[in-house]
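In this document, chain identifiers A, B, C, D, E and F correspond to the written order of the chains, with residue numbering beginning at 1 in each.
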Amino acid sequence: MALIEYEDATPEVRAVYDDIMAVRQTDWINNFWKALANDPESLRRTWENLRTVMEPGALDPVVKEMVYLAVSVTNGCEYCVASHTAGARKAGMTDAMFGELMAVTGMANQTNRLAVGYRIPVDDRFKE
Amino acid sequence: MALIEYEDATPEVRAVYDDIMAVRQTDWINNFWKALANDPESLRRTWENLRTVMEPGALDPVVKEMVYLAVSVTNGCEYCVASHTAGARKAGMTDAMFGELMAVTGMANQTNRLAVGYRIPVDDRFKE
Amino acid sequence: MALIEYEDATPEVRAVYDDIMAVRQTDWINNFWKALANDPESLRRTWENLRTVMEPGALDPVVKEMVYLAVSVTNGCEYCVASHTAGARKAGMTDAMFGELMAVTGMANQTNRLAVGYRIPVDDRFKE
Amino acid sequence: MALIEYEDATPEVRAVYDDIMAVRQTDWINNFWKALANDPESLRRTWENLRTVMEPGALDPVVKEMVYLAVSVTNGCEYCVASHTAGARKAGMTDAMFGELMAVTGMANQTNRLAVGYRIPVDDRFKE
Amino acid sequence: MALIEYEDATPEVRAVYDDIMAVRQTDWINNFWKALANDPESLRRTWENLRTVMEPGALDPVVKEMVYLAVSVTNGCEYCVASHTAGARKAGMTDAMFGELMAVTGMANQTNRLAVGYRIPVDDRFKE
Amino acid sequence: MALIEYEDATPEVRAVYDDIMAVRQTDWINNFWKALANDPESLRRTWENLRTVMEPGALDPVVKEMVYLAVSVTNGCEYCVASHTAGARKAGMTDAMFGELMAVTGMANQTNRLAVGYRIPVDDRFKE
């Protein structure tokens, strides 16, 4: 699938690219968006959702990026791990934070399986 | 697999239970540990790892619990979602934080698949 | 989806049920097959494959059942964990073997994620 | 693991290769089968199952290929995404169909996690 | 997490509920939306995305629902399997179509793992 | 993330590397550990756990390595599949054993999904 560069993009696609660069305060577009641009409606919808979901709110941007990274690691998505490691770094993730994030992610994946394998019933207190 | 209650536990298992309650400042043990107690060595090792990984460090406890929850949701582990929702709530997660955490987790799962489906090459800038 | 009991089954389905009971040296059919029987061709094909794959060969039946269980745990399939725990027990899995199996399964799920998160390049020696 | 080429294959393996090329009306064998040929019994069984499952029936071949692709994307299998994108294209998947397929696949992965994270009880009407 | 009924909902949430019932030509709201309503912005955004993605286009509604079901099965989401089985049935999925859908989904999950386990290199022809 | 070579490592990291080489009776360190060494505490903890979990016990080392491989295949972890294929081979896995291991792993992934898709209730006999 072709990656659609800015200079080859339709005005509709360029408008999304412009917004991505403005929101992220950067001057380039990464391949994810250049690929999605093959389906301009998906590009627009995905970007709008991502922008809304990732903007500062009750959670800090760096926390949101780290959660995104932990999920991407769990799903084994190479592209997403690369891009969200960069995103989390840019938002302030230090080496120490990355180390702890991976430790928590690894631990969760381990105990998730133990809970399934031992077929553990949910405690009444956890049922609210 | 039997859930091993405190009163039926060996001294070795009781020592772990005591440490869990002391560290968590609580007076009960949830089923996960009561099941693992069938293999005392696994119980001890898993608890020691979890205690170390989850203690305050470069990341806040509530952030660690939310990452744990996001991973558990991604893996579809019912028990873990129940127990770590409780854990994150206890550590300070509000309704607004939960709502944003789920939104980020859902969004990550969506774009992870788009990145795979569109077979997007990793940008050179993301390769470090 | 209805579970199709022996007495309500067509001769084609009964023939599969009979073979399952003969191979497993048992006198009952578990729900998995009763559900698949809604699509007799799927029932026949799935059973023939399973019978072939699980018969003694270079790997012992108990090893095959434990591998099946480790995969089912990793996928979070509740039904499969229940049925293959029973299968592995019947084939000779002891409590100690189960404990170690879960420890290995949990550990693998943990380090799988660390390898992805740290984006570790495959060593040349592992490329054969 | 060596890829076994037609000229190096045993008659048993060649017979499977011949059937693959005849059914697919093509003159080459892709690497998946050349690797499986290291275990001729697995090669034969896997091909027979795939041929049966993918032949026209209640579902169109292009629908079957798109479902195969959606599953492969969800599992993050790079090889399978590449081969089944080709397969679906050959069966008639257009750019517009691919765009919608990815949108549905991404959306399903998102809402699957929301349903788990919000711990939503199954509606009585969905229990049949 | 409370399920928010129509009579207890804010006007903002009721507007989404009304649109869901209008688009689906039904008179009830399933639990998924009643749970998401705890975060009205997530409710609105998720519904708008779902409505857009699932509307008739290059793919038939029944095909979209079956793809959704195949993904939900692969992710092991019990709620989603229940709701999208109902959705696909309503859109026209017959017993025969369901049987073939499950057969394709199962087969894809099997060969996805074989491709990974045999470490199969992507054929040049599949790289476009 | 830099791979930390023995000559550039701190004494703390070197001590772990030395133990890895001693236990595995080898003279090199694979990239997994060189990457984890960026977080010495994670390196030490992960190695100690792995060493304990993988040592001979109720299960043979080759069985443990094969289970590790089956899980890694199911998770789609390329690095882990490469390293644990090597580990299992070293522990005695033959071509025939590998072929059967992949067949069981593939079959489990297939039937796991069928059990979910057909929404099969757990048999009373499997509830213990």
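Heads up, the rule we're going with is that a residue touches a chain if its C-beta (ideal position, glycine included) is under 8 Å from a C-beta of that chain, and two chains touch if they have at least 3 such contacts.
All values derive from a computational prediction rather than experimental measurement.
Asker: Please report the minimal path length, in steps, between subunit B and subunit F on the chain touch graph.
Answerer: Graph distance in the chain contact network comes out at 1.
Asker: Taking each chain's centre as the mean of its C-alpha atoms, give the chain farthest from subunit F.
Answerer: E
Asker: Work out the mean Cα position per chain and let me know which chain is farthest from subunit B.
Answerer: D
Asker: From the C-alpha centre of subunit D to that of subunit F, how far is it in Å?
Answerer: Comparing mean C-alpha positions, subunit F is 27 Å from subunit D.
Asker: Report, in whole Å, the distance between the mean C-alpha point of subunit E and the mean C-alpha point of subunit F.
Answerer: The computed centroid separation for subunit E versus subunit F comes out at 34 Å.
Asker: I'd like to verify one number: the distance from the centre of subunit C to the centre of subunit D, where each centre is the average of its C-alpha atoms, in whole angstrom.
Answerer: 21
Asker: Could you tell me which residues belong to subunit B and also touch two or more other chains?
Answerer: Where subunit B meets two or more other chains at a single residue, that happens at 1, 38, 41-42, 45-46, 49, 74-78, 82, 85, 99, 101-103, 105-107, 109-112, 114, 116, 118-119.
Asker: Which stretch or stretches of subunit B touch subunit E in the complex?
Answerer: Within the complex, subunit B touches subunit E at residues 76, 95, 99, 102-103, 106.
Asker: If we count contacts the way the header does, which residues on subunit D are in touch with subunit B in the complex?
Answerer: 69, 73-74, 76, 78, 81-82, 85, 101-102, 105-107, 109-114, 116-119
Asker: Which subunit E residues qualify as touching subunit A in the complex?
Answerer: Residues of subunit E touching subunit A: 1, 41, 45, 49, 52, 128.
Asker: If you look only at subunit A, which of its residues touch subunit D in the complex?
Answerer: 38-39, 41-42, 46, 75-77
Asker: Going by the contact rule set out above, which residues of subunit F touch subunit C in the complex?
Answerer: 1, 3, 28, 30-32, 35-36, 38, 42, 46, 49-50, 53-54, 57-59, 63-64, 66-68, 70-72, 74-75, 77-80, 82-86, 94, 96-97, 99-101, 103-105, 107-116, 118-123, 125-127
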